[in-house]
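Two complexes follow with subunit A in common, the first pairing it with subunit B and the second with subunit C.
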Partner chain A sequence: MKFKTFAAFVGPSIFMMLLFIAAPLLSVFIQSFQETITIQEQIEVETCTPGFVTQTCTTEIKTVPVLDDNGKTITETRWVGLQSYQNVLQMDKFWEAVGNGSWNDIMQIDFWKALRFTLSFTLLTLPLVIGVGLLIALTVNNAARSIRGPVIFVSLLPFIITPVIGSLSIYWLFVGDGILTSMMERWTGTNISMFAQAWTIEVLMYFYRVWHVAPFAFVIFYAGLQTVNMDTLESAVIDGASRWERLRHVIIPHLMPLIVFIALIHLMDCYRVFEEIVGFRSQAHVISLQWLTYDFMTPDDAGNRAISRASASAMLTMIGIVFLLILPLRRTWRDHKGSAH
Partner chain B sequence: MSTSKAMQQSFALRFSSGAFLAFWCLLAAFPIFWIAIMSFKSPVDAFAASPWDVITGPATRANGDGLSVLDIVVGLAVLYFAIRWAFTRLPGLVQQYCPPGMIALGWIFGAVIYAVAFVLIFFGLLPLILGAVNGLLGPLGTPVLGLTTEHYVAVWAENEFYRNFLNSMLVTAGVVTVSLTVGTLAGYGLARSGSDLAFWLLILALVFRALPHSVLVAGYLPVFINSSEILRPIFGEGAPTLYGQPWAVIAVLVAINQPFTIWMLRSFFQNIPAELDEAARVDGCSHFQAFRRVIMPVMWPGVITTGLFSFLLGYNDFLVTSLLLDAQNQTMVPAIAGYFNRETTTTDQVEAVAAAVSITAPLFLLVMVFQRQIVSGLTAGAVKG
Partner chain C sequence: MFLKRIALAGAISLLGSAAFAACSFENEVPIKSLSAGFEAWKAVTDAMAECGSFQAELDQEFRTKQPAAFEANPALYQIGGVSNGTITPLLNSGTIRPLDDLVAKYGQNLSPNQLIRVNGQIMAVAMMVNTQHLMYRSDILADLGIETPTSWDEIYAAAEKIKAAGVVDYPLGATMKSGWNIAQEFVNMYPGFGGDFFNDDNTAAVNSEAGLKALATMEKALEYTDPEVLVSDSTYVQQQFQQGKIAMANLWSSRAGAMNDAAESQVVGKVAMAAAPVAMEGGAPATTLWWDGIVIAKNISDEEADAAFRVAMEGLDAETVQGANEAAIWLVQGYEPTEIAAGAIATASANPAPPAYPSTTQMGLMHTALGNELPAFLTGERDAQATLEAIEEAYTISAREANVLE
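Up next, the complex of A and B:
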């Protein structure tokens, strides 16, 4: 295919990605070094109250926004260097906490609190998703052919459901004296509040994420199991391999490219954890990097949005993603080079 | 094939395998079906500590809302026939009345008419008839199972959730249409080109796919808010403010979706033998003619599957739409957050449950109809790639 033809086919898509993905990225990068403020001025305001003989007057200084001819506030954007990053990272507090040897003090800083959770969430759910997905795939592969269709149908529901609503559907089973909370209270004989502390909320989030994503892993592993070479398996049986040995030495190596693929997708998606914070209403206890950026962009009670800090937070989040992707991308490139030969 | 003796499994293994599978199916389906039950109960029943109370709805029944034995029997029968005829008579009617070549439109038209008829009968006509008959039956007409639709009325009518629904449909239709148009061309080009440039474009798309959406919204938000000033040199005084406009959000979601779309479509196009369009090229067609005459007729399975996932991205989105749309123009998913922003009462929670079930019901149908396409979409690029 000639380059001109190739460009004609691919052009619209590349144009859209450059205009709507690359350009905003550049914009965010620039915004993270700038801050927009409302220009304000101080004016004298004299307030008088009626008095019996003479008026009593008070003069005070008020700060008000400067308005332009159309009645809009005048704003000024200025370069602030790394100030927004400093506002997000709060390195002075961080080093002070390190000096004090206090983990709790570090966790009081929103960014580090969010980073801790995002990394824990991403790395802890990865083996669970792969393990549960593989287990489901093996049991479905083991099941009678007639029930595989219904099982796949039921399994797709957690994956397809809107993530915020998936979180809420589990939240509503536990909130207050929900049926599962009540069940656990009857078993243990203690009073349980699932949403009163961070660790119980996090457990529910891990559970939700595995529930939501394991079907994805299952479907892919199940497809991969259909392509296992039966001759190799039977040879292993003849050689006296146990079921566990067959799984470890024949099936898992066969599925390894799929495991890498699922791990890659999972790392990308999990690092962006956000819907769980919304669905479980955990922002008082547990926050994530993406939620932090979102929170900066949400108007406060005065209607202001911290765009500059949101941009700095977004750039820091993106740096993390790049680190996560370096190894998988190197492997992909090596595979590409290998297939070219 | 017969299983060799050595490969046969012990009873214990088969039993534990089956038990785990049953447990997983229960786990997968339970939260979704449970909130559906909750949404038809009064707040006291919906959040009762006992599962039995949630199912039977004593407080709901005490309010006079509920189903009698007759209601349950007739309702289940209507549901059974509705589902059965959807898979037997409806296809026949679509085939019978639809001109050849317009089968897709015929199916959409037929499905919509069928759905409207079902809603009118099941939620309109049936309650009227059964209400009258229950009055005549005395004790047999007494409610035994508490059930109320008041939360759905509150959500869709009083809170005007249908506006959010229309916004979701607008955004979703736009995302699917534009994504597939642009993505199909790109997917074909990338599948047929073996150059390093194509590979690097795919890697770029993969990196873009990994970006948190909040990173992009941080770039869009100031532009959207100030767009009337930015666009004034081009559009004059009529320059639009993009913030709060559902149609403007379409462009954002299409871009976010683009990396995924071209990866998936490239996988599907790679499964179409290159000999097909090469033969057309030998006959004198240009690449575009070959694409239009040879590839387009056979590409629809891949396009439908990719369209499904584009739909899900647009339909399920919360972050982008909640930041770029204002309170007057929200789509369905961010609108649910509105139930928690005020002082949350139990009634607000149950209405949120009803809204959540309203959003989930179409997805349930989607899985029923497109299960095979979803599975093939998930495995494309993984097993074959």
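Up next, the complex of A and C:
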């Protein structure tokens, strides 16, 4: 292909990638080393608050931002190096807790608490999603041709539901006197509170994520199953291989690139876990890294937000994803190089 | 053809809803407002809409949208609904205009009590007061021979009796959802024990005797509430009341009207209101006073501001209040306090009176720190002393970033 044609085809997408991926990333990267402060002054302010009958006025010294001639707040941006990262990671407290050998103390620091949950969430759901997805795919593949269509349709449904809506519905099913909680209470005769302690919330989250993502794995695996070499499979049958041996030695090796692909996507997706935290209102017990960034970004009633810490936290999340992806990516790279020769 | 018919039907239904009858003038300047979405705001914006060319956005996320929307030039909304908690960013960035001239021109019906003055200038017009008050099932307390509790000690004593009698699922309801709600519970309790949030140099002062007492009192509630109290917000507690699951709660007075709404409540006429309980003997009720009201954006033309204020005055007139008397503790003329307002009025007129929620930059930072650090105490992961230290640390980090320290 001529270079000109090549550039004309690839140019737009490179431009988009620079504009929508590289530039924001760069700006977040820069902001994580900066702090923008508002210049404040202390003035005496008299504020009046209505009571039911009369007003009460109080005069107090308030710290308020200075406004310039155009009525805008004056801000000053300064470089603070790794200060924001330190504020997020709180390494001094972390090492102190490690020194005391106290796991509980480490879990009191928001970042490490969030990292613990994010990692266990990502790594525990991964085998479950692949396993359940493969199981559904094999079942559907072996089902009678006439019912395959409806079965595929029904098993895909969980994947179509928006995560926020999905987690909210699980929340309403299991909270206090939700339908499922009431049913379980009737069976067991005890009072069940799924959202009163961390572990039950986490179990619900794992369950929800697997329910939500397994259909995606299923579709990919089902497509892969259609390409299994029938000759190999038949000769395995003739050699007396059991169902399990055929799966173990023929089907799974054939599907390996797809398994790596699913793992890759799942790791990337799961590390960004956020909807479950919001939907399940689990902030009191369990938080994730993405939620932490969101929490820094959310302005309070007075309009303050921690942009620098949010940027640092976002960068740390990205670094975390890169670490997680190294393993499956190396494998894909090796396979890719292998097949080229 | 079909499309045309639908468009026509839409146009006619729009015409039908725009009844100009109740408004004293016909507004021709397009006006938009952004406010919270509870019952009182609905009544007020519905009345404003009667003047025409008016569009209301009722959104519980208004507090995050408002500062940026008002900073735009021209501002995206002309009218903003605020409370003493949420007016801070608007005052700080100077995006709302002083209303003195408009009040002089159109504000004949306003009482001086409604005018929110900051340094002598009128910056907002209040329409209602809000505070927490004690809501309780009068039938249950009467059956068990319990006097109306006036302090938190009495609340827990009453809760013990109710629990023993087993007449409701949980004796107490509490708005302890992690984040803003649980922080507000502490903001109510802590000044009740005589605590100050800040020292003179803006450093945090919650690590104190009063802080420990406030935490102990909050923790005690857990014996009597739903085990899932850390996910329960005001709406959740309101519903627990309406379904007869709880007997007492220190809840927002703006939620009182819902108890007698026969369409959704099973306890109509059974919930009575009393002053918010005191935290300690001789102290103020453990609550904070709030007001809700309107502000006008600065970055709009004077003509728009004029029209916006006139429309707002139509929303805040006696007619609106008479149509929605139970929706709030109105400050507007024509309001007839009913029984459900008794608790809030008793709270607001208590001696010593509870403090108003402070509208300062530091309080916003403190509120966030409280909301993030308190849950670990109530789940039992951290003791009271460590929690107070963690709150101060979290506040210090964000206060440095916001440049309010040193």
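Note that the second predicted complex is superposed on the first by the 309 of 341 C-alpha atoms of A that agree within 3 Å, B and C clash if a C-alpha of one lies under 4 Å from a C-alpha of the other, contacts with A are read in each partner's own complex, and residues count from 1 in each chain.
Throughout what follows, contacts are C-beta pairs under 8 Å (C-beta built on N, C-alpha and C of every residue); 3 or more make two chains touch, one makes a residue touch a chain.
For clarity, every value in this text was computed on a predicted model and none was experimentally measured.
Engineer: Does subunit A have more residues touched by subunit B or by subunit C?
Structural biologist: Of the two chains, more subunit A residues are contacted by B.
Engineer: A:164 contacts which: subunit B (first), subunit C (second), both, neither?
Structural biologist: Touch status of A:164: first partner only.
Engineer: Which partner chains sit in contact with A:153 here, subunit B, subunit C, both or neither? Use first/second/both/neither.
Structural biologist: A:153 sits against subunit B, while subunit C stays out of touch.
Engineer: Regarding the shared-chain residue A:46, is it in contact with subunit B (first), subunit C (second), both, or neither?
Structural biologist: Touch partner of A:46: subunit C, not subunit B.
Engineer: Just to be sure I read the superposition right, which of the two partners does A:65 touch: subunit B = first, subunit C = second, or both, or neither?
Structural biologist: second
Engineer: Now for A:56: first (subunit B), second (subunit C), both, or neither, which partner does it touch?
Structural biologist: A:56: touches subunit C, not subunit B.
Engineer: Looking at A:122, would you say it contacts subunit B, subunit C, both, or neither? Reply first, second, both or neither.
Structural biologist: In the superposition, A:122 contacts neither subunit B nor subunit C.
Engineer: List the residues of subunit A that touch subunit B in one complex and subunit C in the other.
Structural biologist: After superposing on chain A, subunit A residues 175-177, 281, 298 contact both subunit B and subunit C.
Engineer: Provide the residue numbers of subunit C that touch subunit A in the complex, in ascending order.
Structural biologist: 63-64, 67, 84-86, 88-89, 91-94, 112-120, 126, 129, 177-179, 182, 200, 202, 226-228, 230-231, 245, 289, 291, 298, 329, 331, 344-345, 348-349, 353, 356, 359-365, 367-368, 372, 375-376, 378-379, 381-382, 386, 390, 397-398, 401-404
Engineer: In the complex formed with subunit B, which residues of subunit A make contact?
Structural biologist: Answer in residue numbers: 1, 3, 5-6, 8-10, 12-14, 16-17, 19-21, 23-28, 31, 135-136, 138-140, 142-143, 149-158, 160-166, 168-170, 172-173, 175-179, 182, 211, 215-216, 219-220, 223-224, 227, 233-234, 237-238, 243, 258, 261-262, 268, 271-272, 274-275, 278, 281, 289-290, 293-294, 297-298, 305, 307, 310-311, 313-315, 317-318, 321, 324-325, 329, 332-333, 336.
Engineer: Which subunit A residues qualify as touching subunit C in the complex?
Structural biologist: Interface residues on the subunit A side: 35, 37-40, 45-58, 61-65, 67, 71-73, 87, 104, 107-108, 110, 175-177, 191, 193-198, 280-285, 295, 298-304, 306, 308-309.
Engineer: Which subunit B residues qualify as touching subunit A in the complex?
Structural biologist: Interface residues on the subunit B side: 4, 6-7, 9, 13-14, 17-18, 20-21, 24-25, 27-29, 31-32, 34-35, 38, 47-51, 54, 181-183, 185-186, 188-190, 192-193, 195, 197-199, 201, 203-223, 251-252, 254-256, 258-259, 262, 286-288, 291, 312, 315-316, 318-319, 323, 333, 336-337, 340, 349, 352-353, 356, 359-360, 363-364, 366-368, 371, 374-375, 378-379, 381-383, 385.
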